[in-house]
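Read through the structure below, which is laid out as structure tokens, and then see the notes.
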Amino acid sequence: AACVNPNTEGGPTAQPSPKAQNRIAFFGFAKANSFTAATYAGVEEHAKSRGATAEFFDPNFDAQAQVRQIQDAVTSKRFDVFVIQANDGAAVVPAVRSAVQAGIAVVVQFTPLGTRYDTAEPQVEGTITLIDVPTANGAALAELAVRACASKKLDPCEIAYLEGLKALPLDNARTDAAVGALKKAGMKIVAQVEGGYTQDSGRKAMQDVLQRAPGVDVVIGSSQAIAGAEAVAKGKPILYVANGGSRQTVTAVQEGRWFAAYYLPVRTLGARAAELGLDKAQGRQVRPGNLMTDVTPGKHLGTKEVLAGVTGEYDE
Amino acid sequence: MRVRDSGILLALFVLVVALSLATQTFLTQGNLVNLLDQAVIVGLLTCGITLCMICGVFDLSASAVLAVSAVVGVLAARGGGVALGFGAAVLTGALLGALNGAAVVLLRVHSFIVTLALSIVYRGLALVITAGAIVYPDPARLTEFQSLSWPTALGGVTVPSLLLLAVSAVTSLVLWRTTLGRRVYAVGGNPEAARLSGIRVGPVRIVVFTISGVCAALAGLVLAARGGSAQASMGTLLELSAIAAAVIGGTSILGGEGAIWRGMIGVLILTLIGNGFNLLGWDTTYRPIVEGLLILAAVGTDYALRHREE
Amino acid sequence: MRVRDSGILLALFVLVVALSLATQTFLTQGNLVNLLDQAVIVGLLTCGITLCMICGVFDLSASAVLAVSAVVGVLAARGGGVALGFGAAVLTGALLGALNGAAVVLLRVHSFIVTLALSIVYRGLALVITAGAIVYPDPARLTEFQSLSWPTALGGVTVPSLLLLAVSAVTSLVLWRTTLGRRVYAVGGNPEAARLSGIRVGPVRIVVFTISGVCAALAGLVLAARGGSAQASMGTLLELSAIAAAVIGGTSILGGEGAIWRGMIGVLILTLIGNGFNLLGWDTTYRPIVEGLLILAAVGTDYALRHREE
Amino acid sequence: MTGPLLLEGITKSYAGTTVLHGVDLRVEPGRTHGLVGENGAGKSTLVKVLCGVTTPGAGRIVADGRAMRLDSPRAARAHGIALVTQEVALVPRLTVLENVMLGRWTHRAGWWRPRADRLLFDGLLGRTGFALDADRPVRELPVADQQRVEILRALASGARVLALDEPTALLPRTEAERLLDLLGTLAADGMAIVLVSHRLEEVLSACDVVTVLRDGRHVLTAPAAEQTPRSLVQHMVGRPIEVLYPEPAPVAADAPVVLSAAGLPQVERLDVRAGEIVGLAGLTGSGRSAVLRLLFGADRRTSGHVTVDGHPVRPASPRHAMAEGMALVPESRKEQGLVLVRSLRENLALAGLSTRQHAGFVRRAAEAREVGRWLDRLDVRAADPRGRTAGLSGGNQQKAMFGKWLMREPKVLLVDEPTRGVDVVVKVEIHRLLVELAARGVAVLMVSSEIEEVLGLSHRVLVMRGGRVAGEFARGAEREDVMELAFAGRPR
């Protein structure tokens, strides 16, 4: 009885304060991650263009550290806008709630904040999302793989799926969506192993895949894992589908080394997140649920034709 | 406790004074309440892990036990109510902890590798139970489930913070005042001498692992309550932070020496360093460098003071 | 080496036979070449970390040293050519390793916490050097830089595999045949006895940390050569795998006991388990459970055989 | 260094307690210098200062007119000073050979030459007459053999100044004599020797000069020839002490058998009656400790059976033996006896925790009282009673270990080397204690390498050889007869 339910306390108090709304806190996956760095570059660039400032909070992939950073940033009263790439979407929910209650405009960037991976709708009241829905991402990867098979009229078409990290529910939701779509399309999955997010893990996974299924036609995986995979499958006529749109990935698709990439303009999306946050903080009307794939429509299914003239927005 | 034993307190004191002077927000009630709340997860693990270290064993499975317990707790709450869920989680923690202990005692291999291997097994177990997805309590019971993470009427101090205070008080009492505590110190300090004094070394080890499992389960419940869900990857590697906290406080990794309060000071120092950075708004590029050096300075001070005369 | 010392070899043998029978692909030249190649990174770290553990110290900074060295290597290669880059990386590894050793010796705090704190500092250093970005060698020199990762004419065995063989041979030789090796065992087995015998405990520790730093730098170069780039977050937590490999092989975390070959067996067992799962095509959900239990079985067998007569 | 080595005004404190007060010592080449004093008098501390193991708070060490910097054992070694420490400091997993050559392995450009080391080692064995297996890990050796390894290591260092801190505490008389002869030879060759020992006769016969320390102060330095054990004790303690073995009370003819064992690998039948002290004599490694350990359940018993007062004792663990009223004072303080990182109080209380508890909580007042009583009774002296037991002098550690087991008021007391490292005063005290316990009906089984101790205290003496009891003597047996049986079939 002595407990106080923070969710019902006073209700949202998100009325914009009259002072300058120009300070953004960016909570990224990790500073030592070029994807995050590019997102932040977009945030910072947009902030500058509107006379605002931006600050990077680096949890170095530690979910609990990120929770503490969000909490402390609320306490410090130094920010009007939060842009959050959640390392663990469920863990940060209470901290994000207190940020909303403190009147901070919160933009959820890239990964869903909450526990559902199949929707772009805000899962914490009062937040704005600009995310890539994992299940949609999985389905899109499957779609690209199907097109890869079709491009060479391969039937049966042998597909290997390099999963992200087995322990992460987000990755599992993506995997399930992709595998489901592939099966529905009648594709033959010959290997499904953990490929991770580094070249080295992709390399190991691919070495093992090739032992088991030397005739594999299409390999799907994170762009880093695919880079590692390509290095061990030198000379084999394999069609690669990469998740992620780095400069290197885009180049590989344009040169025809890889079949396609799930492309997102990362830096642009960082800027867009900052824009949404600043707009909200300055009292403008903002749509709460936003899909990343809508920002440059059609480009996410990044085949050679689609990516012509595009350059990636980060290195890896 | 003699003055020279308290170098680590001095380090903490210096940090607190520095932060109070450097920011207006540090010494606010809200921030102090937060700080305590932030210390809870690692703090709970540190209580159990300190006991283990004093007893001469490592528990590298604490965060995996945390995950399994939280998952079981959430699923049980769905089936039979929140109280049952909490109970099931604690029981799971105790069981897995006891299993750790039994494996260490029976295999007679160093606890470091036994608990490392079992932590892989436990994470796998959590993965199988959840089928790799997130699990939630019944929506109707969510609020009740989450109440474990709420602030209380005591100046907003949260339930988890009170839980940590209670657990650290109980484990301290066990160490200082009970015969079990004496056995723990003896087994850690010299297992052969303990055995020849009629102490059952194996059961004592199983008990400390069990306590560590319960601490991990409590931490898992707090995390699950905060997030309103549980998943297999929860709290990964937190035992490293807990071991670091214990060692920073001055508990020996060689066993036989140490105290819960030391671990709590270690947790506070780690939490404060992070909190300070977040409040100060310094350029975060240099943060890890400063953080690492501060930790070194803290343990260095403690050591130098304790061994001044030798 | 006595027969009863080789329980871990038996465990490895059982695994190999099982995989040979269960799959057609395991015993192919291609797969064996791959296996060796997959073992390289952890294998190199394990050489250094085994030396440290025998000497009674932990090196929890190995993967951070790996990252800094790789980054420095890539940047130096850009400025002054590939040879300079390799040299600079190795030198960086040696320097950071020596720094670890010096900090452990001077602060007199347990190496566990000193190297943990320094690993945070080193990761921060890598972040500052790279400004959080990925660094690449000069495109013109990329092929030359990457040649460190290529297969050789020796049946496709890769350069990194040969490097690992060389490093493990050299470190084994140091341990078995030199007076430095004797000192390492003595310091790890009983530092006080070593000191009383006039052995300079501090310098011996500094030397093993330095060697560990060099091993980490070599691992960093291999990773950078494979990927054609380097970044601050490279190889995170790999030292934990290396410590696990060393312990699985039978090197004591208490110091004074162990061997490089044991660490290499440990690395092979870990690599084989992963490889086996991928070749067999079993549901990977169950992989961690099986993996953890296999590790327990391996160390349990080793221990039981070694202590059969007591 | 050719002339004498002078320690001048050496002062040393631990945790605010001064344990050496401006002590002077003159160590001369060609001389053997005895160092005696009560437990805790500062003997070990003084030789540690001499050998660079600890640095003094004040004072200096002068050789050839120059003050030397001896801030580490390495520095001392470089000046040709070596130490055999009181507590064995060996690398347990390394072999005897490697421990003897520790830090001075033969090498060529850093490459170790084990064969050359072995030749040196064999030479040393020849000089000392020790029988040791070069390839055994030292942790498998009995403590006495470990002490031999320590001695060999100091000899191998080729030192010109050699300090030995109670090197003979665990050696049987014959071997002790041989070691002392060897020291004589070394001194004759010009070596300076410092010998710390509680065996006063030994000191007087082996040394040219003796120095007495009392409470950290220098009391006397005099030619050994002018002193007697009595006069030394007078200086050590400040009052005369009667150094005689107390006569054990006769065992009543109808005294019941308390401890009874049958079918052990070492002995077909062993009975100890209430009030009886049975001594186990034998050479190092003859298996005396093994008998005690087996009776106590410290090692698993696979054959035979043991009873106390007719109750069978389960073979697996010390707990059961303790429950039947057995106690074992083990031979190694460091490995088996004490938790050195814990306080005196915790150590004394350890074996009887469950007798002073309430609902799992330690009854601290009762504990403090009981521990305090035994500390007083045994006169345990600690600079800081709350500090680690590691900070106690060797003799005081021995007393603490005794106190821990006496506190349990056992029916059967198994004691292994009861007076290892204790001073004459305490030794007499412990002897009285053992006799007194027996008089009160305790059955005592005692192992000691000091044949006089065994003969002086025991009602009966069992002699062990090659792992088995080879014979039995009634009280009043001749030392020579016992030794003969112990050595039978062995080169003497």
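Each chain carries a letter (A, B, C and D) given by its place in the written order, and its residues are counted from 1.
Heads up, the rule we're going with is that contacts are C-beta pairs under 8 Å (C-beta built on N, C-alpha and C of every residue); 3 or more make two chains touch, one makes a residue touch a chain.
Note that this is a predicted model, so its numbers are computed, not measured.
Measuring from the averaged C-alpha position of subunit B to that of subunit C gives a distance of 29 Å. Distance between subunit C and subunit D, defined via averaged C-alpha coordinates, is recorded as 45 Å. Taking the mean of the C-alpha atoms as each chain's centre, subunit A and subunit C sit 33 Å apart. Among the residues of subunit B, those touching two or more other chains are numbered 123, 127, 131-132, 252, 285, 287-288.
Not a single residue position of subunit D touches two or more of the other chains.
Residue positions 31, 60, 166 of subunit A are each in touch with at least two other chains. Viewed as a contact network, the protein chains fit none of the simple shapes, being neither a path, a ring, a star nor fully connected. Chains that are in contact with each other form these pairs: A-B, A-C, B-C, B-D, C-D. The touching residues of subunit C, when paired with subunit B in their complex, are 103, 107-110, 112-114, 116-125, 127-128, 131-132, 237, 244, 247-248, 252-254, 285-293, 295-296, 299-300, 303, 307. By the touch criterion stated above, subunit A contacts subunit C in their complex at residues 30-34, 37, 60-61, 163, 166, 191-194, 199-200, 203-205, 207-212, 227-228, 231-232, 315-316. The touching residues of subunit A, counted against subunit B in their complex, run 2-7, 31, 55-58, 60, 64-65, 67-69, 71-73, 75-78, 88, 90-91, 93-94, 115, 165-169, 172-173. By the touch rule above, subunit D contacts subunit C in their complex via residues 53, 72-74, 76-78, 83, 85, 89-94, 98-99, 102-105, 107, 110-112, 153, 157. Residues of subunit B touching subunit A in their complex: 23, 25, 28, 30-31, 34, 37-38, 41-42, 123, 127, 130-134, 136, 143, 147, 149-154, 156, 159, 223, 226-229, 231-236, 238, 271, 274-275, 278-279, 281, 284-285, 287-288.
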